[in-house]
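In what comes next, chain A is part of two complexes: it sits with chain B in the first one and with chain C in the second one.
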Partner chain A sequence: MSASQAEVVTYPEPIEKALAQITTLLKGSYGLSPRTVALLLLQDDPEMHDLVKEREGSTYQTIAAIIDRTRETLREPVDEAVPVARQQKIAAIAAAAVTETAPAGAALADRISRLMMNPWTGTPLLLLVLYFGLYKFVGGFGAGTVVDFLESTVFDAHVNPWVNRLVDTYVPWAAIRELLAHDYGIITLGLRYAVAIVLPLVGAFFFVFAIIEDSGYLPRLAMLIDRVFKMIGLSGRAVIPMTLGFGCDTMATLVSRILETRRERIIATLLLALAIPCSAQLGVILALLAGRPAAVLVWAGVIALVFLFVGWLAAQILPDERPTFYMEVPPLRLPRLTNVLIKTYTRMRMYFLEILPLFVLASVLIWLGEMTGLFAALVQAVAPVVRAIGLPDQAAVAFLFGFFRRDYGAAGLYDLYTAGQFDGVQLVVATVTLTLFVPCIAQFIVAIKERGARVAFGMFLFVLVFAFGTGYILNAVLRLLGVSL
Partner chain B sequence: MGSPNAGKSALFHRLTGTYVTVSNYPGTTVEVSRGRAVIGGREVEVIDTPGLYSLLAITEEEKVTRRLLLEEGVDLIVHVVDAKNLERSLHLTLQLIEAGMRVVLVLNMLDEAARLGLTIDTARLARELNIPVVGTVATTGEGLDLLRQVIAENVRVAG
Partner chain C sequence: MRCDFCGTVFTEAEARPACTGCPLAGVCKKRKCPRCGYEVLPEPKWVKALKAWGGSIFAGYKANR
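So, the complex of A and B:
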């Protein structure tokens, strides 16, 4: 196989000459043919330069000289000449092996695709997708029907009273009784949050998201949003981590490494931590706001404003490297039901296995806190802040939960809401603050890993202050205007 | 390996039975997945990589893939391409051949290419490139048996 490699593509004369010279000089082994190593060197690949410098010692200077000389003799830059030569070869191959006939039936998909990307038709389409996919299905069906049934019928009416009675009868120690059941018990709180509130909502969301994902809608959305994103210093490519963030911010923070510039990665990580709610949180928030369209609008409006404002601000502060955008748009497809179901199931299972121990752990921690009085002290400490944004003291508990996991915090709010603790304004203030509020532990750890501790901690503080600041202003404005939502 | 959204993960799933999230979205795979498959009576390790357009790596994900290539001593590269974008994808194929790698070219999404009116003569392509070429539809499993056979014939015998 190695014998034929030299003849794959023939490059312009000066490049071929340089390749011949460099390949004879290379002594180290690189896992690639010498010809490729030489080509990468000629195209100024930094990693390869470092590698060669390290392995070839003083010969590197000779090689560098050859590269400089080649650059002078060649009329066009090397990194243009190389792909051009390759393209000629490819065109010849393709001409021999590919025949093209007029496409049949692709016209409709093509028209829909264009409608999706045109701002005038694409924006209403997006709103329709959001309304039916998220608000109606996740908020309406997932929250209204499924959660309601699991919460009130299964847990509140049957499981919890039964567990409480069982524990009261058979467990003689009050401490253990509290650990397993009652207000913050593993079964009555941790398991209930996981099974009855978060899982069905996340499941409904995953289902809708899988359909949207498989249809090929997301890249079109990226094209649509590209212009807005450029304004805030991100390329349309950043839509990928952003939209994935609605699935899971932790995963999205990881994916943000596909962004080309460090600046973009930092902005994206910040926006993910601040303004993009993850599926679990989004599901619960939609459930909280279901049936109050005005509240949904205020919530979405504030989050969108924050997103744009902070993105814009960050773009002003961070040094400019202009992002370029190139993304291919895959064809629209009818999602395969089996793939959608497998994907939903896989994600639900992964999610559930991930959260169950954490929710149980949270219950245990809270129980420990309760026993030692630490929990009460913390609630006391947070309560003034919570009161400052116009929320009842009990909401402090939900925010403390939120430190631990976004979804846990949201589930805590849901609990308060169903207990009739909030009016409309408080509900909106609470959901806005919690949406902006600090990322969950997993996301925070990934942020540290990907962006460095200094950046991550800075973001953490910023997000904390910003979330409560926004909540405070929003509450003040809404009260001042005397709106009831 | 292959460019983003060519169907690498779908194919990986077909070969190994290990599930990796498959989506119609370029750039979904950011980390390397490994799985085992029994092909031609032998157990082989199959590696699914993030997308790569060119050996001249730009983004972090592309660098990950290239480093893997350089450092792991891969026996056989299955270069998965979207048959609809054959011309653009061949850039990497040529680079891989040039780099002295053993390459099998997989033309995936052949069904969609056909719907666009593209007919690809795989035998001719194989002759032009001097490497094995297999056409597949990863979502339905079409062409997978042939691919397994070609992999079995071309994986370098250990040692």
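So, the complex of A and C:
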């Protein structure tokens, strides 16, 4: 067969019709085949549009009209239809030309890959990954074993009493003693939160995440989730900022720039601020709920529901610009242990360098607040709200911490939990509220820079009211049903 | 480096730093994939050094044979 003619890709009928019409209209020379020029026009290539506008003069209007009409008749976006048709053609050519003697492993990987992307098999697979990776490993091993050891054996039994004694003996000023040690001291609180609670949990999470990353699961997750995300005005591409959101929502708010439409960017920023916990927060929440499967289910269910409901609502309110998403997935592979360990180490190191000064600063701020009485006043002010959602007054402290840094607040909650301050229902209400609760200061500042003060402030207010509103309703419902979790 | 999301292979020079305008840009050395925007971790310096060292030993071994 003659190569160039027989191997042309055939696109869906409306596109082919438009291509035929446009190619007859094109008079100028572009150094490309007319069909290619027409295809680029249909895919909204801005440079080609400028060129054609310049060279075809008034005919351009006719061409633009054809493009608009095609877009209306075509069910899927051109940007999606074109690569899909090409992909099919490539598969057909490859199937005809190549006799497959692929090793058994490749065929198996291919089959697993397809199972991961099919909604019926992919969803249970995703749940398995979450169950073993997050619940069992981060919540079970990370919290139950590592944090427990560092908290109770290393800090509570040795470091803290030793530091307290040392400070009491050698530091004559009560104020400095309080700054370094005791209840809110830099070493006894700030360092302990960072080293004994947050870092091991985050480390366990980073380890699981590195395995997921290295295996090539993420693009498959994007394809799997694309359909659900389309309902809330996003596309599979939003998996990128969402997964990075686990690293830190601040970063992910910046990353949401890569999304196509303004609508997508606003929805993604809102959902990131509201329903995506950062890795530390997630780690601590998993630790808090570790021994209580029913509580985890309620927590995950409420967050998922909020995520979908708010996304859906935002998609209804914001003007419709449909995002397109299609990607070729890179091959699945067995994660390599060296890769995983290096990634885990790099992330932990970056994270630690980032949080340590902030945790120290938080301790200093709290100390200042204690000295001036401002802290007590703030706790007093927040306490009624905390009481309204059924939590003990001390939880107000954790929420105040949380606004400074989400992970700091979560660590504070963990502290209260180990002190035996919560029952099951209170635990779920507290974790749900803290997950939804205000984006931390850093994220708020970035949101202002990226989306403008008005959008950012509106979002902030919305998130605040929404978080406590959800906590209130959840508490009322759980108490009414008389469940104990 | 290789993007963990889309599989694109690129050099550190081709990629933009991940977080210009991020308050934590000082500690964070991530790079952005030029194709999809996913953030990729750079190799730590000591890993690079180790690899270079391993590579030179390997090259010397091959030259000796």
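A few comments on the model shown:
The rule is simple: the second predicted complex is superposed on the first by the 380 of 485 C-alpha atoms of A that agree within 3 Å, B and C clash if a C-alpha of one lies under 4 Å from a C-alpha of the other, contacts with A are read in each partner's own complex, and residues count from 1 in each chain.
We adopt the following convention: contacts are C-beta pairs under 8 Å (C-beta built on N, C-alpha and C of every residue); 3 or more make two chains touch, one makes a residue touch a chain.
Just so it is clear, the model here is predicted, and its values are computed rather than measured.
When the two structures are aligned on the shared chain, A:260 is found in touch with chain B, with no touch to chain C. Chain A has more of its residues touched by B than by the other of chain B and chain C. When the two structures are aligned on the shared chain, A:219 is found in touch with chain B and with chain C. By the document's definition of touching, both partners, chain B and chain C, reach A:343. Of the two partner chains placed by superposition, only chain C is touched by A:449; chain B is not.
In the overlay built on the shared chain, the residue A:353 is in contact with chain C alone; chain B does not reach it. With both structures placed on the common chain, the touch criterion links A:33 to chain B but leaves chain C unconnected. Look at A:90: by the touch rule set out above, it reaches chain B but stays clear of chain C. In the superposed pair of complexes, A:419 makes contact with neither chain B nor chain C.
On chain A, the surface patch touched by chain B in one complex and by chain C in the other comprises residues 213-214, 216, 218-219, 240, 254-255, 257-258, 327-328, 330-331, 342-343, 346-347.
Of all residues in chain A, those touching chain C in their complex are 213-214, 216, 218-219, 222, 237, 240, 244, 247-248, 250-251, 254-255, 257-258, 327-331, 342-343, 345-347, 349-350, 353-354, 442, 445-446, 449. The touching residues of chain A, when paired with chain B in their complex, are 1-2, 4-5, 8-9, 30-33, 35-36, 39-40, 43, 45, 47, 79, 83, 86-87, 89-91, 93-94, 96-106, 210, 213-216, 218-219, 240, 254-255, 257-260, 327-328, 330-331, 333, 336, 339, 342-343, 346-347. Considering their complex, residues 4-5, 19, 21-28, 30-31, 55-61, 63, 66, 69-71, 73, 84-87, 90-91, 94-95, 97-100, 102, 112, 115-122, 124-125, 128-130, 139 of chain B touch chain A. Considering their complex, residues 4-7, 18-19, 21-24, 27-30, 36-39, 41-44, 47 of chain C touch chain A.
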